[in-house]
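The following pair of complexes shares a single chain, chain A, combined with chain B in the former and chain C in the latter.
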Partner chain A sequence: MMATTRILEGLGRFYIGLLLAFLYLPIIIMALMSFNVSPFYQLPFEWTTEWYASLWQNDQLIAATWNSVEIAVITTIICVVLGSAASLALYRYEFRGKKFLQALLFPPIAIPWLITGTAMLIFFFGVGIGRGLHAILLGHVALALPYVIVVVSARLQTFAPELEEAARSLGANQWQVTRRVTLPWIMPGVIAGGLFAFAVSFDQFVVSYFLATPGQTTLPVEIYAAIRKGFTPEINAVSTIIIVVSMALMLLTARFFKFGGEK
Partner chain B sequence: MAGVQVSNVSRSFGAHKALDNVSIDFADGGFYALLGPSGSGKTTLLRQIAGFDFPDSGRIAIGGESVERVPVEKRRIGMVFQNYALFPNMSVADNVAFGLSVRGEAKAVIATEVQRALDLVQLGKLGGRRPHQLSGGQRQRVALARAIVTKPRVLLLDEPLGALDKALRVDMQIELKRIQREIGITTIFVTHDQEEALTMSDRIGILRDGRLVQEGPPEEIYDRPKSEFAATFLGDANIFRGDTTGDGIRLADGTAIAAGAGAKLAAGAKASCAVRPERIRIARDAGTSDGSANMLKGQVSKRIFAGNNSTYFVERGGQTLKVIVQNTGKERLAEGQDVVLRWSPESTVLIVAG
Partner chain C sequence: MAAATASRSGLRSALPLLAPAYLWLTVAIFLPLSAMVFFSFMTELPLSGKPWAFTLGNYAAFFSQSLYLTLLLASLRLGLEVTLWCVVIGYPAAYVLAKVLKGRSREAIFLLVILPFWSNGLVRIFSWAMVLREGGILDTALNAVLPFKINIDLMYSYPAVIIGLVHSYVPYMVLTCYLTLQAIDDSLIEAGRSLGASRLQVLKRVIIPLSMPGLVAGAALIFVPVVGSFMEPRILGGRTGTFYGTIIEDQFVAVFNWPLGAALSFILLAVVLVILAVASPVLRRAA
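Let's look at the complex of A and B:
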């Protein structure tokens, strides 16, 4: 018995080690190579910040990065506001077609982005929205909104409806009830939904690729174009910066909103 | 503070009549219990008075002012919920302050009033705690402080003690009654616990299937129930069914039972008599008759000893009668013993059959 337990434990550790290695080793190597002199991943490792310096000169890559950040932030804000409002409406009110609307939330998550992207391109072209950053923003909001609604609605399922009734019995109007009782409760869901929305937008390649115009693109589209032209370690540099920033954001959020540890 | 008048209120949910033409007058400053089994409509009635739901027809007035179409937030009521419904994201003090804060009271006023309310429920030092750090009884007190701090016209309690254990519940009953007397607020209290209704309230309303069965002071309902339902739901009762003789009934086997109280019925109609188990005297033999007493013979089938009293189950003519005898230390009757039961007509209530 003891021996089998020990073997199972060993296997478990090995499995976790393997999992973490496959997830993080490529990222770590990429981050290291962004500081290596050789542009062709040659060893021995020689320290340099040359690629970060030249990244600073690469206006196209920097412009694409800012486009991505802006679109992701605006997408997040729009999706959090619209998605939370929609979740509250679905929670509070009974209306004709509610079940149908809720069912409609899931296909956009399941439909391959390639198909959604093609469909959006054709539709936007047809109705005159065309392509460009505004079209990308519109597409991202449509893609990310269901995630926010699903996450916030899940959080609302744990909300005790007597809390709203108690607040009303104390004289609070609908707005005061929402702001002071309901919103604080669903806040972890709103934050998580916002992170989803940000990630869906910031990581988005397929839909952005279809809707971008040559001059104005987002970072993933720009990176893809750059790799096709010929790989440069500047890509490693910009990727490393983004990984550091997004990991810091995630850790901060996790620290302040105690995911999983709700009382 | 104000009285509440409910007049001819009906409310249906689909085909289900949750309230069927209910009228009750809740006097100013009184402590009123709404008692009934689950599904009787007592909570629906409380929610109508609170304003969470509006009646299909009828009138509800608080302090003489019609409110049946006024939403809850404008009714100036205080409510305590079954599971307390404390705001988990706020401290105890902020919970209590909520009602004053949404009304836009000044911070200094709020602080004073909150402290006064917390002192009243004897939680003066716990304002900084979070609800999850409190015991069930303490949460109950916070919910009460939160409900009364806004000086509502009526205090509504929805099974407020249901989630507490027995000992704590008795403490809270006394405490709740003390606070209610101290601030003199009209209180309406929903419960399915008959003992709670009896010990706490000035008046009780018994509901069944959306109708008000009977209402009055606890003593009156207990001593003079108007229906078999009221007799058996509030306390225990032995029910005899037969034909009226004018001042009592005659059972199918010809035995007459004299009733000193209750409905006046034309002779010959179907009727019942209700007798409380503690009003019946039980003895080994008939002894000397006192003339007017009702008397039945039977056989003890079971005895349950409960310390201060014993309950005897007596078989008589296919019916099991219940008799409760105080423990006086005198002889106890064995199971299988033939016995004679006696009780006075004054302890017998004549009620319409059904």
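Let's look at the complex of A and C:
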């Protein structure tokens, strides 16, 4: 009986190893190919960094990268401010329709981006907002905001309201209570929410794709266009950079926010 | 006491904090979704300068031309297949994570499993092109090992689309199942075992029923975006990669028939909402 358990556990570990291989091998191969000399991905492997060097010559790609970074940073700032405020309100006050407002956060997360993206395209075009970077920013904030509110609200669940009560009874006004007591407590949630928002925006492809114009695109949109023209090691190089950046970002997020509710 | 302060303050105090966020969501999500419904009943875009009128023609097109229905069914089938593979691959992994691994190694591996999920989806789909194409890694590796020559050319095929999508979404299934599995008290499993139930019986009678909310949540979270996917079939499916999502994409970026695209999008939205509604009782029980 013990032996069977041990064998099953061993099999389980082996299985997890297989899953990790499935998840990471393509990414690793893609990264390796970005350092391979052959532009047609021919083996044997010969080391080079020329594809990374040629990225620097690609003005279009560099412009798109800056757009992506800029939009992600602005999205993060807006989402953190608006999202934290909304979370605080939802935590602190009771009012009719609160459940409804909380439920409204899920359509943006649950509805496929294809639908949201095309709907934004139609509406922004119809009311004269148009397409371009400003429209992309408008869309990204809306997509990331519910995530920030959910993450910050989760952190607020662990907050003891007696602390606010105590501060108030010691003579602090509402603003002082918020700034000195509540905000420091929820800060890890705010930081995690901000990193989430950055990741949602920086990796966003679908919505950006429908809202981009030829001169005003983001990096994923530019990569998609390049992929559809044909595969080149340059795409591997820029993809490798993206994947390293976004994984580093999520590792950072994990430091502030425990996924999966570990006990 | 906190509740007393809270109800006293009410909506008036909450409004200034809530308004900016919800105003933004209204302008960028809820109004666009409403506008999409509105546009789907039009013959032309009102802004194009051409005369326009209300019509049911866009919906009539969906029901009269079998192409659209066929593609919607193909997308639903794709969603079903990908979801099933994610259950088959993800559930055992979630079980091992929740019940076999302990402590720091569990934390580290859990993070490793969900990490790719948060990295760029487009790039991960592209990475499969490196593996699956003829003369790609899978091909070369197998030919190096096997004594006979084989040609693996999965690229631009239906299986390639499935593989890419399962790779993209399986971490979701692991995540949701892990959450419900780790909440199952080990003593329940031990009790079942000590009462003479076999491992299989415990799995069937205790573990799977108790983790059902995680399975349903994962299935909904995977099925919905897969049915609406277009970039994955385009990159990995090539000419075989025509699905409902790619037809919608075409209406907006190639054919420029926005009203038809809006109608097709809205039909997809309706299908998605029905699926979420069916799944929601199970999900609510979990919460």
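Convention: the second predicted complex is superposed on the first by the 245 of 263 C-alpha atoms of A that agree within 3 Å, B and C clash if a C-alpha of one lies under 4 Å from a C-alpha of the other, contacts with A are read in each partner's own complex, and residues count from 1 in each chain.
Following the convention adopted for this analysis, a contact is a pair of C-beta atoms (placed from the backbone, for glycine too) under 8 Å apart; a residue touches a chain by one contact, two chains touch by 3 or more.
All values derive from a computational prediction rather than experimental measurement.
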Consider chain A as the common anchor and indicate whether chain B and chain C clash or fit when overlaid.
fit
Is A:Trp185 contacted by the first partner chain B, the second partner chain C, both or neither?
first
First (chain B), second (chain C), both or neither: which does A:Ala237 touch?
neither
Of the two partner chains, chain B (first) and chain C (second), which one does A:Asn173 touch, if any: first, second, both, or neither?
first
Chain B versus chain C as contact partner of A:Leu145, first or second or both or neither:
second
Kindly classify A:Ile71 by the partners it touches after superposition: chain B alone (first), chain C alone (second), both, or neither?
neither
Between chain B and chain C, which makes contact with more of the residues in chain A?
C
Touch check for A:Val80: first (chain B), second (chain C), both, or neither?
neither
For chain A as apex, the angle formed with chain B and chain C - C-alpha centres, to the nearest 10 degrees:
100
Contacts of A:Glu165 with chain B and chain C, given as first, second, both or neither
both
With the two structures placed on a shared chain A, what shortest C-alpha distance in Å links chain B and chain C?
7
Give me the intersection of chain A's contacts with chain B and its contacts with chain C, in residue numbers.
162, 165, 263
Using the touch definition from the top, list the residues of chain C that touch chain A in their complex.
1-3, 5-7, 9-11, 13-15, 17-18, 20-22, 24-25, 27-33, 35-36, 39, 45-47, 89, 92-93, 95-97, 100-101, 107, 109-116, 118-124, 126-131, 135-137, 140, 167, 170-171, 174-175, 178-179, 182, 199, 221, 224-225, 227-231, 234-235, 245, 248-249, 252-253, 258, 261-262, 265, 268-269, 272, 276
In their shared complex, at which residues does chain A touch chain C?
8-9, 12-13, 15-16, 19-20, 22-27, 29-30, 33, 41-43, 78, 82-83, 85-86, 88-90, 92-97, 101, 104, 107-108, 110-116, 118-126, 138-139, 141-142, 145-146, 149, 161-162, 164-165, 199, 203, 205-206, 209-210, 220, 223-224, 227-228, 231, 235-236, 239, 242-243, 246-247, 249-251, 253-254, 259-263
Write out the stretch or stretches of chain B touching chain A in their complex.
50, 52, 71-74, 76-79, 81-83, 85-89, 98-99, 102-103, 130, 132, 146-147, 150, 156
Taking the complex as given, what residues does chain A use to touch chain B?
160, 162-163, 165-173, 176, 180-181, 184-185, 263
